[in-house]
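Just below sit the structures, each encoded as structure tokens.
Two complexes follow with chain A in common, the first pairing it with chain B and the second with chain C.
For the complex of A and B:
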């Protein structure tokens, strides 16, 4: 087991290298620089700025310099938010994004699993159709519709929740629903499929024949098998959630890192983009490793030898 | 006699296309969705001719709630919201369709080539797909669209500045197609790998056909069913993506409208003094119902084309 973990962690390094090259190239190849959108910059100032951030050097030199700093854990300065380094932005925004991401994940998990179980157990009834329609609806309502709609109803009209910002747990509720509802729909569909497949398998029939109650069958025999697809979906899902959502952060004015990712790409702020993409990749790869470990724990038939 | 007539009956029924169509008709939500989508397309095409209000005509009545004159109310400039929504739907559907087609072409060519060549080429091409998967697609699409814009501004801006709007839509097609092809490529590759070993491919090879011909004339047509299914499931995600990009301000720009920009405009009118619910609720529910219908249609098609996928 320990060997597996070490092996996988070492395997992450070349992947990260590839990803950093790819994202660096992507931003560098695109025309326009980080200072193109600044107004009234005289050519001298622009040249000085470029010299300060080494933008006047050839791209390979910039890349090597960047990678050298990266090895020391320095992701470089932001070219757009000039008083901040990328490390600052991550240190300030990541905890917020993780907090919101975790609460959304828990919300999605709770709602998704219960809705999935509800529809899978009421096969063929009107409740199943209703539940399936509901889960499809959740997948089809984008955050930029749901967020403003929730604000309009619950914050502006009925004044039950605060409109924006993140100051108390109370502030977290609307953003959590906005971010989590889509994933709740996804999880409920995955769990329903998993349950359906497991409920028709032979060992469940045996359990039934031995007289096990439906509740026992569901939680003791089915759950672990049926939840596997949800577990493997959780890796990329959590990586997405932890690195923030532009839409939700923008609507609710939450200081996470999702906004920086999008703004960095529009501004050609390459240290920002590469830094955040690398952060995303590291989180994704670690989560995928955790998912694989959880898989082995839930399903002993899976072995990694 | 009787047996013979049975035989002909069987022969008539055996056409797989007809069978699939019958299975499709049994899927009631999918049929309703199809009717609904056709209605939307027809209405959005015909609305400018029927409606007394043009989508871009400014009116005196600002923020008129839905009523007799304006069924869907009016927006900040007094424009009729229903006309605006159909206008936006036309563009959203167009972008969804063409973007999906672009992704289809890239995905099929890439996936089929990788699966057909196999070996080193296959693993190399699929590694590219893996890397693109692990980059957040938002960044990719933003960089692509802004850089295309930079290039086009240089070349086309000199030719004809009034092309701006249409060129913008062209970028969207390319950008959305370029990020949506990955899943399609994976599916197609898997299918091609299993088809490659079948007898008819061997026969085609024995006849001395070129690889390109075998691949695109003999193997790819066998994938029509699965391509159609994933096509209908890709369209809603492309429409959603377009709305998201328009929401960011990278997509369709005023005075043109898409469902995404309409929703964004509605969201910006939220204020504590007065609630203009229709500006958000109408385009929002229009978008959601279109997406639901497309998903139902996709599910119905999947069950019709591949009845085994429905686990009994």
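For the complex of A and C:
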């Protein structure tokens, strides 16, 4: 087990290096520069700006400089928000994004697993059809439709929740639903399929034949197997959620890092884009590792020793 | 990551109370019983996790939706309106804008003396100037701040505003040292400034945030991160409590400000909001008192909003126009440019698309600009347009090459540029029988294309920096970086230079008008479409101290919440 963890952690290094090279090159290839705007600066001032951020150096030198700083944990200055570094932006935005991501994940898991179980156990009944339709709807409604609709009804019309910002737990509820509903739909479908498949397996029949109670069968024997697809889905899902959502952060004015990821690209804020891509990669790789470890814990057929 | 796993475990355990298989004995009931601990667990976790969100800071007296997240709060760096509003509250210059008229008035400088040749300005600073942290503020601080803005190392985009200073441009481009720049400290309360030419608008330049006075010792200690210093010494009516990127900027009244009674409020929150609907919702729900940014008006609600008493529009120093690339055939020919200009029915565009977001423009310098009377400009005239095009060799549009109209995505997502482009495409087809293709570019690519003259006709706009025709007319000078048309006219350059050397305001006015005639009546490297209108919304029954002025400047220290309406709102 320990060997596996060390191996995987070491494996992350070359992957990150590859990702940093690729993202660094890609942002440089994009046409237009960080300082292009409707107000042109004189050639002298443009030169001063480029010199300040070393953009006048050849690309390989810029890359080496970037990697050197990266080794010291410095992701560089933001070219758009010139008083902040990328580290500042992450330090301020990441906890917010993780908070929203975590609450959305919990919401999605709670709703998704319950709905999945509900529909799997009522096979063929009207409740199943209704539940499936509901989960389909959850997957189909995009956040940019659901968010404003929730605001219209719950915040503007009935005044139950705040319209935007993030100042109290109340402020978190509508964004959580907006962000989590899609994933709840996905999880419910995954869990339903998993549960159905497991319920028809031989070992369940054996357990029943031995006279085990239904409750025991469901939660002791079925659940662990049925939840595996949800666990493997959770790795990339959580990485997505933790690095913020552009749409939800925009609709609810939440100071996470999702907005910076997208705006960084449109602003040609090179260090911001590369820094956030690397952050996303680290989170994704670590979560995938955790997912693999969770497999070992939940599925007796998987062993890392 | 361990946190997420432990939460996951809690969840899985909670789920063991979930439904039993139905159909045996009372599944429904168990389901309900099972769900309640699940929901309770979610609720408790949420409350625990978010418990840290609620802060115990005092409620703000005024909450303002300020527009997009400031790119910086460094006076030498900022360029956008949203940033300038905050920066003027934090760092004051020698002069500042009067909230009612927008004109420059004494600030850190109490008075000034201008030499007979109008080349040397002697500023007398107030003697009771202090930083917000208590240290004395002197003329040396002003000199340092100006030289810092000009220093190539600072890489200030607005440094060119200080090129009016003797050797300012040379220092910025590294051709001379700071000592040669025309700014000299006579004594701690007197500053002598020498210019390259008499510039009648120089006092307005001293009002620009780029001249704001910044704390030398903090900048030298912290470098680019000086704004993160705590406490941050400021020279304006406010000090910075905190600046949380994309969340909030909180200002507190500066108790050491020279004008002790200046700020009419103790705490001000500025929310960086770039989405019009969010801004509107915050205002409507009472979470914000003021929204002041022309890009923060939900365009679909514009008609409805205009009828409301809390919606205010006013004339503003901004022009919307299109540029011609005069280096390309057949746009090299002024007759072709005139024909294209005369074929555009601006009134129709305004009525159909821009609505009350603009005022019809036939000239470039907006109405109301100080010491100025703009020329008449060209009016819609399809017959004349056809005649000119025929004269240029394209009768009824025959053999006219396919040109492109290039535009970018509008801010606020209202598709304004696209709608205007489609409308003009139609007009050129109907009047001149020519086909203009539309080319939609992403913003950064668009500005690059414009800059490299990689376009035929291109959408453009310009916001004036100060209230003088020079801030508009200057950009079409042959060597100005913002010209972007390839148009060079020696006569135009000569008139502008002569006007800015001129001491007599009346003569200057005539010279500038003559220059603008070349621009909008004869040569037309650009065609004005409309003037922007400033927009903000706030309830005059609840908020006072905001006045409409041409430069859309509303000093925060003037704004006050009326007592009767102030409630305990966060």
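Observations
FYI, the second predicted complex is superposed on the first by the 302 of 305 C-alpha atoms of A that agree within 3 Å, B and C clash if a C-alpha of one lies under 4 Å from a C-alpha of the other, contacts with A are read in each partner's own complex, and residues count from 1 in each chain.
The rule is short, and it goes like this: a contact is a pair of C-beta atoms (placed from the backbone, for glycine too) under 8 Å apart; a residue touches a chain by one contact, two chains touch by 3 or more.
In this text the structure is predicted, and so the values were computed from the model without any measurement.
By the touch criterion stated above, A:191 is placed in contact with neither chain B nor chain C. In the superposition on chain A, contact of A:183 is made with neither chain B nor chain C. When the shared chain is aligned, chain B and chain C each come close enough to touch A:148. Judged by the touch definition given at the top, the superposed model places A:270 against neither chain B nor chain C.
Looking at the shared chain after the overlay, A:66 reaches neither chain B nor chain C. Residue contacts after overlaying the shared chain place A:23 against chain B, while chain C stays out of touching range.
In the superposed model, C is the one of chain B and chain C that contacts more residues of chain A. Of the two partner chains placed by superposition, only chain B is touched by A:281; chain C is not. By the touch criterion stated above, A:157 is placed in contact with chain B alone, chain C being left untouched.
Of the two partner chains placed by superposition, chain B and chain C are both touched by A:251.
Residues 30-32, 148, 151, 156, 251, 266 of chain A lie at the contact with chain B in one complex and at the contact with chain C in the other. Put simply, chain A touches chain C in their complex at residues 30-33, 35-45, 48-49, 51-52, 77, 80-85, 88-89, 92-93, 99, 102-103, 105-107, 109-110, 113-114, 117-118, 121-122, 148, 151, 155-156, 159, 162-169, 171-173, 176, 214-215, 218-219, 223, 227, 234, 238, 250-253, 255, 259-260, 266-268, 286-287, 290, 294. On the side of chain C, the complex with chain A involves touching residues 1, 3-5, 7-8, 11-12, 15-16, 18-22, 24, 27, 31, 35, 38-39, 41-42, 45-47, 49-51, 53-55, 69-74, 77, 79, 152-157, 159-160, 169, 172-174, 224-225, 227-228, 244-247, 271, 273-275, 277-278, 281-282, 284-285, 287, 442-448, 451, 460-462, 481-482, 484, 570.
Chain B meets chain A in the complex at residues 131, 134-136, 138-140, 142-144, 146-147, 150-151, 236, 240, 243-244, 247-248, 250, 260, 263-264, 266-267, 270-272, 275, 277, 280-281, 284, 287-288, 291-292, 295-296, 311.
Residues of chain A that touch chain B in their complex: 15, 18-19, 22-23, 26-27, 29-32, 136-137, 139-142, 144-145, 147-149, 151-152, 156-157, 193, 196-197, 200, 243, 246-247, 251, 261-262, 264-266, 273, 277, 280-281, 284.
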